[in-house]
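In what comes next, chain A is part of two complexes: it sits with chain B in the first one and with chain C in the second one.
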Partner chain A sequence: MLTTAPRLRIRRPSPTTAEYTVTTLPPQTLPLRLLWLLLLFLRIFLSLITLLVIYARWVQERSSFGAAPTLFSPSSLPPLLSLDRIIFLLDTFQDTPGGKLLARIAASIKLPVLVPVAAAVFYALSLRVHKEESLLVLRGLGVQTSESPTTYLASAATRFIPTEKIQDIFVNEAFRGFEVRYYLVVVVEGEEDVVVVFPGLLPKRKIVETVWRGVRECLYEGRGEDSRVVANEK
Partner chain B sequence: MGRKTYNIAMVSDFFFPQPGGVESHIYQLSSKLIDRGHKVIIITHNYDDRKGVRYLNNGLKVYHVPFLVIYRAATFPTVFSFFPILRNICIREQIEIVHGHGSLSSLCHEAILHARTMGLRTVFTDHSLFGFADAASILTNKLLKFILSDVDHSICVSHTCKENTVLRASLDPLMVSVIPNAVVGENFRPRDYPTQSEKGEGFRAESSPRLLGPHDVITIVVISRLFYNKGTDLLTAAIPRILENHPNTRFIIAGSGPKAIDLEQMIETNVLQDRVEMLGSIRHEDVRDVMTRGHIYLHPSLTEAFGTVIVEAASCGLYVVCTQVGGIPEVLPSHMTTFAKPEEDDIVAATGKAITAMRAGKIRTDKFHDEVKKMYSWSNVAMRTERVYDGICGTISEEEFYGFDTTGYTGSRIRDFALIDRLKRYYGCGIWAGKLFCLCVVVDYLFFLLLEWWFPRENIDICRDWPRKSPAEDTAEDSMKAAPNQRSTSSIRVAKLDR
Partner chain C sequence: MHPFSTVTLGIFVAGYITARWDLVTRLYELVLFAAEYGVVLRVARGLVVLTVIFITIFVPVALLARRETRLAHNVEFHLKSGTFFRSGPHSPNRIYDLCGHSSMHVLGVANVSSQTEVDPSWVCAKTSASSQYPRIACAKASSVQLILYDRPHPKGMQYISLNPIALALGDKGSFPDDVTSGEDDSEEAKHAAANKENRRKLVEKLKQHSIIKRIPSARDKALPKIVNQVNWSWELEQVLQQNVGRLGPRPKRGLSVSERVVESATTMRNYVLVQLWTLLSVYLFPIVQQAFILVLFFHRVLAEILLIILEFRAKPGYAALKDISATAQQIEIRLQQFCYWPMQYVTLRQRKANWASVTTSHPDYIRFYNSLWLVANDVIIGMAVGSYIIEHKEWVADQIRDLLRVYTVEALQSGISWLMGWPAGLKLNGELAAFLGDLFLWVIDYWSSCIEALSPALPHIIWFVGFSSFAGASMPIAMFSDLLSVLTMHIYSFYLASARIYHWQLTILRSLFHLFRGKKHNVLRNRIDSCDYDLDQLLVGTILFTLLFFLLPTVMVFYLNFAIARMIIISMKAGFDTLLSCLNHFPLFALMLRLKDPSRLPGGIRFELRDTHDYKLSDANDKLFNEPPTSIIYLKSTVQHVACEEGDDVGDVAGGQYGN
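Coming up: the complex of A and B.
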């Protein structure tokens, strides 16, 4: 429900630029936006719980080593938006019934289990729901491919290929898993491997062909294949 | 009114770049079928770095499916693992007929089984002969029976091969057609054969045959893979005796294989280095050049379904000495060959006879090429194969395709796709085997349903077709008939324009 089959979005910010984005993000509707919001709150809530469990465990470990916990008297509150204030808030949460429950949970799990599980939970909560891959074509400059990262924490992986390095752009077919798929390929001069555009999503033939036509048109201003066809006809 | 055209998938483990008879058969047949307006793709496994989708000339598309190879380029039988990819290919190429080649190719057997499950018509071409006695043959025969009990039609390359297949797989003989191999005449021209342009200049005196003097060297050519079943042991035994009996002769042997070492030992023990030349493995396009260096072609094979190579040799103008096994006696007319029993003494004697006849100038080898060209052509093979496709797809009626049955069998020979009918056919295969095969088919069917749900049909891209050739008229049967018919069709066209 949160994702669709890969679909194409074309953006033309200027006459010499075109951006082809293939995304699994469905068109935004109100229920969908509400659902997104709900999902966001759920993620924040779950991350917070995990954080508190880890903190409770840390407090227990610290006290077992005999280190005196830093105590703040209620009268002298540390200033707002400081590390001490956050620690103070966390400590006060430990005394609430919810905090005690979390502390009991934290104490019952062994440390070698707790740390990897917490890391896995953080990773799972930071995963993106939809994937997005795009190809930006700048006439006279080159093309730039970009892939959305798998988590919200990383930034998009981009790669720029200048025009003079592009030998060809074409559509090919290959085996992938139990399927034969169409894919768009940029051949880069001096490199052994070709660059596959939209490598993760591998959209359907119709999308790939549209992008291919568009890229050729934009990069070669129509003198790419048309001129060759005309030459053949002559 | 055009003929019906089909989308055909040829499936076999054996395909180029590996050289061989099955491989070139598939290629030539496919390219002639494309010329007749069909769409043909080839599905095979990967060879070294040759994976993925490739195009050969004439728009022939080849899928090299990545698989594990076990023995002599045959893949490991993974009964169901090939199904998802086959289904994907068949859907995206909109295949109607799956045509498998080679009874040793497990890829072909699997494809036929799965194709039937998917509701496609299937044809099987058998290229080889098998015994009935040893364990491997029994196993292969059982497997063949399993596959062929549900195939729509089978094709064999010779009548001997048909007999063999019918017995092995207990088939209805009417469901097996015989369509021989062919050769590309232009690629196998004799040494001094005039090219087309020279021929067209006008009448010339017929060239007299080149007579061999008593001291001219006669060259005997052997081109075969050096395996046991190709009779390399016979060759090893016969060569020293032949060379002893006939002083001005020499051998050229091309091909490689495990028996090559025996031949080399024989050459060294008898000190025949200057009279026997071993070329090692050669490429298919060089075969003609090697053949034209010789006068006699020796073919000592122990088993052979058809033996394309002897047709090629005769086409190059060589006199053929061959063993009388399998389908070989059907292949060439008697004036082009000397037959021998597959034993050492007889091969020596037959080769001796051939050498004497050559020296006496009794054999007009210069006429062989034109005769062979008339007998074997790929367009003819394609046309006959197309008739089989017409028959199984119901384009021509069952009575017309199978003819009148004299044995009194009244049931229909059209294989329907209902699972229960398929199970009935498989159940008759044997007490244990029948049940096992039924189980296999049921699992295959369930797997098919799972795939339909897992990879829905509508999510699979449909391929673009290579621009199809306009189907040639049926009159292309042979050049003799073609000319007047073409004239008549053009006159009809003119008549229509006049109106």
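Coming up: the complex of A and C.
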């Protein structure tokens, strides 16, 4: 429901520049937006709870080592937006029923279990729901493939190939499981491996063909070179 | 205003006038006087003169300002003649080479009021407060790619590059003994070569798939030059900003008195400074320089001699001192660094002689300071470790003695005696096990007496190790690694002996097994041939085979015992080596740079297409500015990932050590 089959989105502000994005993000409708918002709140809520559990455990470990907790008298609150204030808020939360429940949970789990589980929870909460892969074509400069990362914390992985290095761009077919997939390939001069465009999503043949035509048009059309070279070869 | 206060004010004014009535009469007299002496006429004349001045001076100036495009031609002329670089820090020729132009050109104008006077090939840019991006129009262009970038700061060693920065030093013949090691794993090498050949063929085949061979246009080839231009842009801007005053006519005014005073004072100060500087540079500086060069020279000679000793091989295939001992290897690394530093420093100094964006020495800089920093760290840690070891040398010596006694003597003895009985219910050959065990036990006894004889000297050795750590913490680690291999020599020899016996037995068993089957190994053709044996040959061979086969488990158990002991020692040495390579090659400087300023470690470039929607809407406001379809692209530098690259290095060093 949150994702669709890969679909193509084209941005082409000028004839010499085009960006082809294949994404699993469905078109934005109102219920979907609400769902996204709900998901976002859920993520924030769960990560907050995990953080609080870890903090409760930290307080327990600290007190078991005999370190005295910092005490704030209620009359002199530390200034807003300071580290002391955050610690104060956390400490006051520890005394509420919810805080006590979290502290009991934290105390019942062993430390070698708690830390990896918390790390796994954080990783799971930072995972992206949809995938996005794009191909940016700039005439005279080159093409750039980019892949959205798996988590929200990392940045997109991009690869820029200058026009000079592009030997060819074509659509190839390959077996994958029990099906035949068509994929777009950029052959780079002087490299052993070809660059597969949209490697993770591998969209349908129709999309791949559209992108292929668009890329060739955007990169080479109007240069007047292609026809001449073809004529030479004949 | 409050009515009451109005009344109060009125009363005050009335009272004031009545009190100072003579002021009012004076004013009246003044007006009369002015009317009599023609003051009004004079005022009118003044007004006329001012108007004339306004028409003759201010209106032409405004006209001039309007014709800014003339200025652009002027700028073009100055750029061609290189006026702006006359007082620049360096000559622009080198950078013109890199950027692929013989001089700079005017590309267009910014924020002009009318487009009519502009050359049609020029670009007109228009900035506005509402939009983040400038708007570009050009009469000849059908479409526009507007690429924005943040100027990298060459003085802060930021730059962009198409290829990732290479922090690892390339192998330029650094392994002269590569040929000998290549013969050992010839099977693997052959396999790899075959793989490579296959891949090459595939790539060739892939090339034939392309129907059209496109010849890259000049524009396609310009990308490296564009990158150079982007790198230079910050410095260029500085130079242009400094010299923008050269554009108009020069001021030809004489200096005022105060300026003359200031000038003569600065001349005097400069004179004194210059005299002092010449005194320093003529007498003191050469002496210091000569002394420094002599010191460096002697240091270099000493280092080279030591290096020759360390790398001396009795025969080409034999092991040199540095291959045997970790300490020698560590000393060699340090000496090579000391020899390399002055050269590296000189090359780094050379980059100051040119534009900061020209140099390609950024990786050298990072490498140089990384190694400096690592050595400094090493020495600091070494001082702490060394003082600790020296203070507690008795305790450390006791610990080492205990460890040696418990693990290399007693544990080994008990293990051998366990093997001499029937270990784990395994029925070994009692006589052979007793013979082998007794042999090893005698040697262990002898060795333990040797260790006992050595033990009074142990605190002195520990003191020496501790003292050496003032040359860096890597020194005692290397020394402990060597000490470990010296003090466990007996295990190594046991391992060699048992492995030799085991190997013999296996070879004999294999050939006897061939005999058992009526075959034999043909050495000439390197294959198994069938062979007709006589009966007595077969009989003796079979009996021997049975005998050796039943003795095999006993020998194998002893072999396994010593092999495991040897394995543990090797893994400990590998741990020491990993520590050493962490101290010697950890990319600390690069990691810190990654945190502090990622744009100093460029890993290529990437582009981002920006949205142009808000842009189209504002277009309706003025039709005058007819712009072609424009795409806004943002050029960014990707960041290099440091850790993976150096990880290889560490693995390499550790892997190299296992071969010993």
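Quick notes on this structure:
The rule is short, and it goes like this: the second predicted complex is superposed on the first by the 219 of 234 C-alpha atoms of A that agree within 3 Å, B and C clash if a C-alpha of one lies under 4 Å from a C-alpha of the other, contacts with A are read in each partner's own complex, and residues count from 1 in each chain.
Convention: a residue touches a chain if its C-beta (ideal position, glycine included) is under 8 Å from a C-beta of that chain, and two chains touch if they have at least 3 such contacts.
Just so it is clear, the model here is predicted, and its values are computed rather than measured.
Following the overlay on chain A, a side-by-side fit with no clash is recorded for the pair chain B and chain C. After overlaying the two complexes on the shared chain, residue contacts for A:Y220 are found with chain C alone; chain B is out of touch. Of the two partner chains placed by superposition, A:D91 touches none, neither chain B nor chain C. Of the two partner chains placed by the overlay, only chain B lies in contact with A:Y182; chain C stays clear of it.
Legend: residue contacts after superposition of the two complexes on their common chain; A:G140 is shown touching chain C, with no touch to chain B. Once chain A of one complex is fitted onto chain A of the other, the partner contacts of A:E164 are limited to chain C, with no touch recorded for chain B. Once the two complexes are laid over each other on the shared chain, residue contacts for A:S14 go to chain C alone; chain B is not touched. With both complexes superposed, C is the one of chain B and chain C in contact with more chain A residues.
Once both structures are overlaid on their shared chain A, chain B and chain C have a minimum Cα-Cα separation of 8 Å. No residue of chain A is contacted both by chain B in one complex and by chain C in the other. Residues of chain B touching chain A in their complex: 51-53, 63, 65-66, 84-85, 88-89, 92, 455, 459-463.
Listed in rising order, the residues of chain A touching chain C in the complex are 11-17, 19, 136, 138-142, 144, 146, 158, 160, 162-164, 167-168, 170, 187, 192, 194, 220, 223, 225-226, 229-230, 233. By the touch rule above, chain A contacts chain B in their complex via residues 5, 172-175, 178-182, 204-206.
Note for the complex: chain C touches chain A at residues 142-145, 162, 199, 202-203, 206-207, 209-217, 219-223, 604-607, 609, 611-612, 628-633, 638.
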